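One chain, chain A, links the two complexes that follow: it is found with chain B in the first and with chain C in the second.
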Partner chain A sequence: MANTVIGSSIVVDGEISGEEPLTILGTVKGKIAAASSVVVESGATVEADVEGQTVTVSGKLTGNVTAREKLELRPESKMVGNAKAPRIVVADGATFKGNVDMDV
Partner chain B sequence: MASEESCLIGSKTTVRGQVSGKQDLVIEGRVEGHIGLDSNLTVEEGGSVEADVEATVATLRGEVRGPVTALRSLVVEASSRVAGKLKAPSITIEDGARFSGEIEMDVELPAGVTHGNA
Partner chain C sequence: MADKETVIGIETRISGEIRGSEDLVVKGRVDGKIQLTHALTVDKGAVVQADVDVKSLEVSGTLVGNIVASESVRFHPSARVIGDLASPRVMMEAGAAYRGRVDMGDIEAARAAVAARAVSRPAASGGAAVRERPAPPRVSAPPKTAAIASKAGPRFVAPSAGDRTVTAPATASTPPSFPRVAGAVAGSAPSWAKKKVRRR
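Coming up: the complex of A and B.
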């Protein structure tokens, strides 16, 4: 199945929902609700509440994130917001401000 | 940014709101709201769009409802179902396409001839 890709010079203002993997290279504002993986690539800007199975951030994310499986903040990432996931990885070099809830 | 890297709304994805940019966009899923591109738009067969659409070249193969404005050309292909106002300097409607609405091509009419709806 083809993934959904929001290209680097595309801006989405609103809500994205779906069942297939979502890759963001551009800008998304609003809300993201994915049944599968969400990848915020390096250079991407997301100002949205994000919900996904796995959420991987290499770019900039402002908003609350709920990952049903795993949240990963890669070395170059910048995230401001609350993170909720059973597994959370924050890489060396990642910038993060917010609460972490691992449901323990 | 060249359009080598594709921008795709997959078949099981819905976008509600505004999509804008200068990169070619292919829609296989659903978009509701507004699409404003300085580039080309393709609505694939199976894709559905309920939005105000602006693009350079628009190619419609799926279901589209709403005014569609193309800066250069607009193609309504045989597999598509389209309703709304189409505006472009060049418009193609293929045999088999289902279309309901208005077409505006911005033509210079000879003197003495008035627009039908003028």
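Coming up: the complex of A and C.
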């Protein structure tokens, strides 16, 4: 398993940075800077500024998100914060509060 | 519970604190602190610069920091470890490099003291401590050992005690004792540990 997984009963308080896909099922507070994808699974809580190639949210995310390629808010997801990405997908059922910047 | 185990991948770095109640495998880098009620594995190539408080620990990579493992610690041949270590079972394989102080006796007393403090009988444990402190000079060996053990608990939690620096020269004699440590693992660690505590 080359990827990084933060399990459902894990709490990370600090900064996560890396070159490989990151999957979060638990709690992360602080900052996330990934060169690849970031997935916030349902049940996960992220209170952090997030930077990644693609950012997919199914859980709860509080913080500013910068996705170099795409930000996707899945149904049931909750996001509070500013979103910056060239492509943003908000599914039916997703909750979002914040500014959107799509570089137009 | 979690369908996926927690893995910090090869190219991932976490600086900060990781807490949790599931197994954690570090293949990348962690700086800060790791606190788990389960097992921690520091894989080959991984670098962990953190104080570690876990149930069991397996090291194949590099670990710098103080270790408290309530169950066991195993250093694999490729392990490179620096830091003080407290655990009732310690296994070091040939090839592992380690520098630090090993304590196989105090951990349970430390845990018991912490648990006693956390659980709802602070008066009982506090009273016992007060009664036992003046006891050592005049009472026979077993209560004395208990008193030392109960004193040793808190001392380990706060790793600043001058006692440690005094016993530091003993670290030089630690390597020869490793075979004995490995042998003691097979037998009953607690009695051996108690003997050691009394000797000190």
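Throughout what follows, the second predicted complex is superposed on the first by the 103 of 104 C-alpha atoms of A that agree within 3 Å, B and C clash if a C-alpha of one lies under 4 Å from a C-alpha of the other, contacts with A are read in each partner's own complex, and residues count from 1 in each chain.
The working rule: contacts are C-beta pairs under 8 Å (C-beta built on N, C-alpha and C of every residue); 3 or more make two chains touch, one makes a residue touch a chain.
If you're wondering where the values come from, they're calculated on a predicted model, not measured in any experiment.
**Student:** Should chain B and chain C be called a clash or a fit once both complexes are overlaid on chain A?
**Tutor:** clash
**Student:** Does chain B (first) or chain C (second) touch A:10, or do both, or does neither?
**Tutor:** Both partners, chain B and chain C.
**Student:** Looking at the overlay, does A:75 come into contact with chain B only (first), chain C only (second), both, or neither?
**Tutor:** neither
**Student:** Quick one: is A:20 in contact with chain B, with chain C, with both, or with neither? Answer first, second, both or neither.
**Tutor:** Both partners, chain B and chain C.
**Student:** Pick out the shared contact residues on chain A: the ones touching chain B in one complex and chain C in the other.
**Tutor:** 1-20, 22, 25-26, 30
**Student:** What part of chain A is in contact with chain C in the complex they form?
**Tutor:** Where chain A meets chain C, its residues are 1-20, 22-23, 25-26, 30.
**Student:** Okay, in this complex, where on chain B does chain A touch?
**Tutor:** So the residues of chain B touching chain A come out as 1, 3, 5-23, 25, 28-29, 33.
**Student:** Quick check on the complex: what are the chain A residues that touch chain B?
**Tutor:** Chain A reaches chain B through residues 1-20, 22, 25-26, 30.
**Student:** For the complex, which residues does chain C have touching chain A?
**Tutor:** 1-2, 4-22, 24, 28, 32
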